[in-house]
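Shown below is the structure under consideration.
Should a chain be cited, it is by its letter among A, B, C and D, assigned in written order, with residues numbered from 1 in that chain.
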Amino acid sequence: MTPGLSKNDIIEYSSNIMIYIDKRRRRLLKVSKDKIFSSDRGNIKLDDLVGLSYGSRVKTSLNINAWLLKPLLIDYLELGIKRVTQIIYPKDLGLILILLGIAPGSRILEIGVGSGNTTIVLANFVKPDGHVYGYEIREEFIRVAQSNLETLNLNQYATLKYRDAREGIDENNIDAAIVDIPDPWNVLDPLYNALRYTAPVVFFLPTMNQILKLFEAISKHKGFIDIRCYETFLREIELSPESIRPSTAMIGHTGYIVYARKIFKDSDVKA
Amino acid sequence: MTPGLSKNDIIEYSSNIMIYIDKRRRRLLKVSKDKIFSSDRGNIKLDDLVGLSYGSRVKTSLNINAWLLKPLLIDYLELGIKRVTQIIYPKDLGLILILLGIAPGSRILEIGVGSGNTTIVLANFVKPDGHVYGYEIREEFIRVAQSNLETLNLNQYATLKYRDAREGIDENNIDAAIVDIPDPWNVLDPLYNALRYTAPVVFFLPTMNQILKLFEAISKHKGFIDIRCYETFLREIELSPESIRPSTAMIGHTGYIVYARKIFKDSDVKA
Amino acid sequence: MTPGLSKNDIIEYSSNIMIYIDKRRRRLLKVSKDKIFSSDRGNIKLDDLVGLSYGSRVKTSLNINAWLLKPLLIDYLELGIKRVTQIIYPKDLGLILILLGIAPGSRILEIGVGSGNTTIVLANFVKPDGHVYGYEIREEFIRVAQSNLETLNLNQYATLKYRDAREGIDENNIDAAIVDIPDPWNVLDPLYNALRYTAPVVFFLPTMNQILKLFEAISKHKGFIDIRCYETFLREIELSPESIRPSTAMIGHTGYIVYARKIFKDSDVKA
Amino acid sequence: MTPGLSKNDIIEYSSNIMIYIDKRRRRLLKVSKDKIFSSDRGNIKLDDLVGLSYGSRVKTSLNINAWLLKPLLIDYLELGIKRVTQIIYPKDLGLILILLGIAPGSRILEIGVGSGNTTIVLANFVKPDGHVYGYEIREEFIRVAQSNLETLNLNQYATLKYRDAREGIDENNIDAAIVDIPDPWNVLDPLYNALRYTAPVVFFLPTMNQILKLFEAISKHKGFIDIRCYETFLREIELSPESIRPSTAMIGHTGYIVYARKIFKDSDVKA
């Protein structure tokens, strides 16, 4: 063992690893017996990796360099989760984490779990004492989300419910909420009741029509303040010797972020 | 006390509060005796707020509505910290949190602390068991950063050092690093040594000249892989009845994000 | 006279010139007797410039370099026209020129003249045989626009009318139209009648609410096809030795461009 | 013939037309005998279109609506020209037209003709009295560009030369220039000599490395002033009933626009 490495720096059977050959040849997999990683740059017998430390370089059967990396959250989000719905991307999720004031220990409500991509990120940042409560009306999505949480060993930090949030939320005194459903104006009352005093909520919405409709509904509801809307863009810069330039490919839009905070309605105000 | 509210939902002397009148009239302050909040929309005697619950609405001396909000991380970042340097904005910090795989318990290295804006965000997400180790060569910035950390009660999660990282880093097995100095190519060796196997680092750089120089230095160093570069944009959408539209004002650029991960150099590879 | 220069390369009394000291010190003015250009970098007596050729360098009274440039369209747009309304910027006008298939000789309809900024650009590109017909309901704007056209000697290529386009357009067989008013859905019929078969029109609109309303109205009208919507962004890159970087300041939004082309309505189709 | 239509509003043999079924089914073609337009929405015999007016609606063999549009410049750029090189897009070309102060009658130098896409746009805006002089070192590209100019009947307004501009430019007193080659720093002297006093030039460059190198070369050359750099973005907004939203697909980058204007070098200055 390389000096300075501890036991869990060493690849074992059932370890998650990322094999990295180059930007376009990155693969997440679980080390298991008799399994072979294959690519157009050659193969690697996974048995041969057991006992090596993360960060090591090996050679494929075609004598090409490959590195053994310990997967990070971003690797799982890009390569390791199953997607059955449109997801919220890291460029938006990162900003949302900060807007929602999330911290270890937070209790978060998620309305519209989808593939569980957002649930994973929330769980990662609230563990070990916080929790995510996810509502989803399509049962098959819950199964996918649950499986994705298990891939990252985050399942104990999230409870996914096959329930329609429009009909009520079980939790209360929630620290923050994220709503990713097509008709968020229909959950304003249960959402309001679930939130702690002055807690923030973020709505994620793809269309201008939805922005107009939600803003009108929130304005009428009177239980929210500091209403804002943002959109983010991410552009990759390609790094090659003698040619550093923004990438031609760019995602032009996924959704708008609407932010608001709960206040006491008039009837709630202390005299 | 309104039913359902616990003791720490109640404003006391020395509580931090945000008084919210409208988008342009938001103020963070600490409640203290005989202090008066004053604005062009009227004044509020802070003594009168003691005993009220967060989320309540009060009237200013000009009979204008004002709400009492519990400040969130984003409120401190926007209104509550002292800035003596250019800072990294939430649009970038959020993405960086995810790129760096930060989680509660992470041990983070920060080279170039500046005003401590980044330190605050890192500390918020690694607490209570993680820690931020910050290096800064301008002593006056450390005082500002320390004071900002204290404003958010995050000081126990960060250690700020008046030290030149180019001359060495005390820590090792660091989980992730963020480097925000003008000449990051000069810290590659100490940075490399401080990082845990396959740990990620993010460099934040404003100019194209720096991107070219850093990319060349990292490429020659041979100790990093999966080198990427991103830039993010944030556009606010203004919400008014009958006029929902992107804001005219937009920040066109703060800096580029360069990402890389440590690998073992050839000499380190297990035979 | 420098060899190769013709008579109109020489600055005379009443010539338009741009005095250029540096990026932030550029000034458009008309050379006249006894007039003095003054700046924090020194003064220049305009009488002294008569007889010099464009492109020459002179010294201010503080011995600072200043160059004498012949103003281009972009200089007039940036520095030389009076603005009494929000204008359409070159980033959008340039794309619009191409979308509208404008060429020398085109006959263009402009609904909503405002300060005449757009009129100037259109007139510049259709002269000498084409023409711009501008409708404007605020008489004081017509005076400003007329004056701006005169500054660029483009007034003979545009006819500005103090008229409400919603009540009808005098012209027909128009090659292309640009509509820059808050309620374009109210001019669809007169616009349709004025356009030549298959001619294009561009609407410029700042808000999402307007986009939704216009799209609904055009869809119902049935006289237009190939309906598209765009928005453009322009970012300046600051060029300094050792520091080339996108500018911090950026305009996030002026308006959306909606494009459509006339078709014959069902009743118009040749059997 | 529909009243109000003139002879050249009628489709004849050898007319260029655009058949428009929907956004994804637009086709440019020349009407000729026995030719059939075929698509997954049905066929159209082109002989049947002769005598119809532009703007008419016809039915395909599958009874689907199709409209007969007269092609505009944008249609040729999107659908009608052969591309053998990366081209400059309308979002950039439009801005360049305005930056260069192009107008009917302008004499323009183009260094690096490529597929002739830019030549077409320039020729369209300088005709009938202006001219484009294009230099290209790859003979096969000249043939493509010439053919593209002929498709739009613009060939008499452009002269394409199989010549290396680095070795000299034949023309002088040029009103404006556009340079779209990988090594523009190698043509600064011939370019300078060809330009009229205070005339502008635009360089189009994809990489940051090129921006740095060009800016250094222009700064040393001393013959140019008002040096600026821009980049533009274009985002399409998708228009559907109940779902108006920015498109997911977006081009993140094609190139940077560098702008500069000729001044007399010190030796040229009139005493």
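We take it that a residue touches a chain if its C-beta (ideal position, glycine included) is under 8 Å from a C-beta of that chain, and two chains touch if they have at least 3 such contacts.
For clarity, every value in this text was computed on a predicted model and none was experimentally measured.
Annotation of chain A and chain C: jointly contacted by B, D, touch as defined at the top. Note on A-B: across the candidates A-C, A-D or C-D, the interface recurring with over half of the contact pairs conserved by residue number is C-D. The two sequence copies chain C and chain D touch through a face in which the numbers common to both exceed half of the numbers used overall. Inter-chain centre distance (chain B to chain C, centres taken as mean C-alpha positions): 43 Å. With centres defined as mean CA coordinates, chain D is found 20 Å away from chain C. One simple way to say how far apart two chains are is to compare their mean CA positions; for chain B and chain D this gives 46 Å.
The set of chain B residues that touch two or more partner chains comprises 208-209, 211-212, 235-236, 244, 246. Across the complex, chain B meets chain A through its residues 2, 4-5, 9, 20, 23, 26, 52-57, 67, 69-70, 72-74, 77, 90-91, 93-104, 121, 124-128, 172-173, 196-198, 200, 208, 211-212, 215-216, 219, 225-239, 241, 244, 246, 256, 261-264, 266, 268-270. Across the interface of their complex, chain C is touched by residues 206-209, 235-236, 242-254 of chain B. The part of chain D that touches chain B in the complex is made up of residues 208-209, 211-212.
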